[in-house]
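Below: one structure in structure tokens.
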Amino acid sequence: MKLKHSLFTRRQFLNGILGGWFGALAASVLYPALKFVFPPTREPDQVILPFSDCEDMKLNTVKNFPWGSKPGLLKKNDDGSYTAFVAVCTHLDCNVTYLSDQRKFFCACHDGWYDESGTHIGGPPPRPLRRLILSIEGEDLIIKREGVE
Amino acid sequence: MSSKGQKMGLRSWLDDRLGVSAVFGFLRDKKIPQHRHSVWYYTGSAILLFFAIQMITGFMLVFYYNPTLEGANTSVARIMTEIPLGWIIRSVHSWSASFMIAFVFIHLLSIWITKAYRKPRELTWISGVFLLLISLAFGFTGYLLPWDDLSLSATKVGTDIPRSIPVVGVWVTRLLRGGDDVTGDTLTRFFGFHVSILPLFLLTILAVHIYLVQKQGMSVPVSDEKKGKKLKELPFWPNFVYREMVVWLILTGILFSVAIFFPPSLEKAADLMAPAPEGLRPEWYFLFLFQMLKIFPSKILFINGDTIAVLLILLGIIAFFFLPLIDSKPAEKKGKIITAAAYLFIVFAVAMSLWSLLS
Amino acid sequence: MSSKGQKMGLRSWLDDRLGVSAVFGFLRDKKIPQHRHSVWYYTGSAILLFFAIQMITGFMLVFYYNPTLEGANTSVARIMTEIPLGWIIRSVHSWSASFMIAFVFIHLLSIWITKAYRKPRELTWISGVFLLLISLAFGFTGYLLPWDDLSLSATKVGTDIPRSIPVVGVWVTRLLRGGDDVTGDTLTRFFGFHVSILPLFLLTILAVHIYLVQKQGMSVPVSDEKKGKKLKELPFWPNFVYREMVVWLILTGILFSVAIFFPPSLEKAADLMAPAPEGLRPEWYFLFLFQMLKIFPSKILFINGDTIAVLLILLGIIAFFFLPLIDSKPAEKKGKIITAAAYLFIVFAVAMSLWSLLS
Amino acid sequence: MKLKHSLFTRRQFLNGILGGWFGALAASVLYPALKFVFPPTREPDQVILPFSDCEDMKLNTVKNFPWGSKPGLLKKNDDGSYTAFVAVCTHLDCNVTYLSDQRKFFCACHDGWYDESGTHIGGPPPRPLRRLILSIEGEDLIIKREGVE
């Protein structure tokens, strides 16, 4: 049935109303559902360690610290300086370990190798290890994510 | 008269309401063709057997298992040591999973090679591939639950793989992990998939699959069909069912023997901060994919090697999925390339698995 | 030709394999009788709506809930405060459960009063009572999961009730509790029932129930049937389905509004050693049973009062279950006693519930 | 088909073999299943408290102690003697509390009342509170289940 002066048939009108209603409902239901299922994960902006804990590290050794839910590795270089890495292989996310005697980082999952500066030198890893930015303020060793002021 | 009459009365009373006489009549008249490939017909019911065992032992394990960072490993240890006969239940659940997946592979390969997926059984095949994927998802989520070093690393690797898929990949990883990293939330979520979400999917698709198999009857292999002569047939009831029961008894016996003599071990609880252990290996049915990822070069031209590997695997799954549309010849035609591809796949998978095991 | 022809081609391709044209044909020709009691026909699909909402929100909550002594209350608190919009999901799940059970009661009472359970719908009724019991089991197990003082005491009482049943009772209590007392194992076990075991039972029986309803068509109330004249009928598709959709939209709107404005609270974590809190009350749908147990004298003659109360309740459930066999008159006969019993039950249940609420 | 000199038909024989096999299998499966689903729960035989903890309790007060997974109540009577109860209502298993001012035990679930000696005096409870047996050995207050030596 089409009324005079109407652009729609009654069926089109009803379908439009119902469809629009369902669409709006679906969207308003989907939004909280997605928010809930994909909660935001916050990587920490910075982690603060007491510097005294790291001062007496031997040269060419590493120390574990928690970087959010991932492990971080603080490495004391041969010149006494420090470097910090996210100790997670850039290939498929396994935790790496530092082999002091070989001066290499090693990921046991797929035989991934990095040299002591974190550059990938063997196996499947496509990128170097992620570095974190270090600064010492008073008693504290402050470890920051790149790009955080 | 009286007892038999009453029995008939109850049957017709039930049938008036349920309308199941059609089903019983169908099963009474159902015939199973007999030929030299008939043995593969038993793989389907073997899968059902192992799945039933999985359901029952799974319901039981759920009574004591805690899907939390603190409780997972401890509660499995408790099941193994404190709960009466808990180690057997866990061992049967673990072994039955392997048996089930092995039979799913055999079932699909036999159908691939005998070309039973051809018209009109395209949808039966596709639902079967769905069931394979759900079974693998069961295996993958279940592997994490004891929460030891090996299972944690395997899960980190497994859930990171989708990330290589452009655009959607990172969201798949986040959906699986409940965040950017594998944490206690991942464990809780995997448990939810394993005990609550996947069972419903599997049962629904299984119902469709079994309906389709019944509706279309048993397929006869190309080689036997073209001889033109009438094949011998075995009545489904009781002859075939009795034979199936014998097969079930033998398989149950093997399963329980293996489960009792080789219970799965339990390593110490996983530590999210510890380096990945050496000798990391997923369950045996993922070994060939694992090895493939391991040997892929990190860069091919300018593209990330993993991305290519993952896209190749994805392509393989899609091709497998749509096999009946790729090979859409009539049922009675031969298909040498398809047969060769099946054997090639078997050789490839076995070789890669062995390589991974021996290296 | 081309587009429409392709569409027809795909449909017949699918139909050749799936054989669903019979189902579609059935639904196209299905008619819903119109009379002054037609409104009750909508309660069935309302239950399905709430059940679907329960499934979806339940799958989501399972991602974050920890069924352990330490984790239960904390993880619900986390869902309420930390997970984005978690409080809405929990609130919808909690309210939708109440709505669903309310509609299950209305659905069954309307069938009771209109005598729609009579021949040939006896099994439909019995499967419906099963579904009621499973729904109540969902409610009972779900009530414990937030693990606060009230839910712990309600569970202690609820799981102790079967103990009064001679011989088997104590084993039922042990099965529910996972031991002689309510402990963390009870919580883990209730979670297993709630998310893994009960859903499979409910879906299986629901499938049978819906099949039976379709097979037997809609029942017409006695009062409208005996007038002899032909009733007006509404086509199921699209007229009735569209009306159902409008009902769904309204109910969803009400549900979400209530859920957003009245989210359920969360008390502090339960302590197994603390005395029972005052004002203990189960969910509203158990109130009348709770009040009944409360007012029953401790001894009747020489027998434990509880045992009698529990056996009475059990007898009531069994009578309810076998209602179609107790009232086996032909469909067109009136049944004044049965109708009176229904109203009596409603008055009794409401009165007991109010007494419990106001005391 | 029935062989000469055979007491069974072949069908009976096969059914018997298969049925027996299934029966034996079912029993051997059911046994571990039931063992697993109904684990034995052990009520403790005894609980030992340091007596020093209870010595300075006031008259007509109670002290909580864990009796397995249930609460126990140690009550100091007016004459300075002690009594111990399992603090669980005999009606439907709720935990009871002691109201010092009324000298009664009270269960809030269904309004159950017990007097100070644990006898049920009001509401639905069918039996008195369960008593435990007390003895003092040196520094220890030993609380035993009835019937345990």
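Every chain is named by a letter (A, B, C and D) in the order it is written, and numbering of its residues begins at 1.
Here is the rule we use: a residue touches a chain if its C-beta (ideal position, glycine included) is under 8 Å from a C-beta of that chain, and two chains touch if they have at least 3 such contacts.
Fair warning: this is a prediction, and the values are worked out from it, not measured in the lab.
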Worksheet item: Taking each chain's centre as its mean C-alpha position, how far apart are chain A and chain D in Å?
Response: 51
Discussion item. Can you compute the centre-to-centre distance for chain B and chain C, using the mean CA position of each chain? Integer Å is fine.
Written reply: 33
Worksheet item: Taking each chain's centre as its mean C-alpha position, how far apart are chain B and chain D in Å?
Response: 44
Practice prompt. Indicate the residues of chain B shared as contacts by at least two other chains.
Written response: 63, 178
Response to the item:
The positions of chain A in contact with two or more other chains are 37, 39
Worksheet item: Can the chain contact pattern be summarised as a line, a ring, a star, a complete graph, or none of these (other)?
Response: other
Worksheet item: If you go through all the chains, which pairs of them touch?
Response: A-B, A-C, B-C, B-D, C-D
Item to complete: Using the touch rule from the top, collect the residues of chain D that touch chain B in their complex.
Response: 14, 18, 21-22, 25, 32-33, 35-37, 39-40
Practice prompt. Please give the residue numbers of chain C that touch chain A in the complex, ascending.
Written response: 56, 60, 63, 83-86, 88-89, 242, 245-246, 249, 252
Worksheet, complete the sentence: Given the complex, residues on chain B that touch chain A span 153, 156-157, 159-161, 171, 174-175, 178-183, 272-280, 293-294, 296-299, 304-306
Item to complete: Enumerate the contact residues on chain A facing chain B in the complex.
Response: 37-39, 41, 43, 64, 66, 68-71, 87, 89, 91-97, 107-111, 120, 123-126
Item to complete: Note which residues of chain B are touching chain C in the complex, please.
Response: 14, 16-19, 55, 58-59, 62-68, 70-71, 120-124, 178, 185, 188-189, 191-192, 195-197, 199-200, 203, 212, 215-216
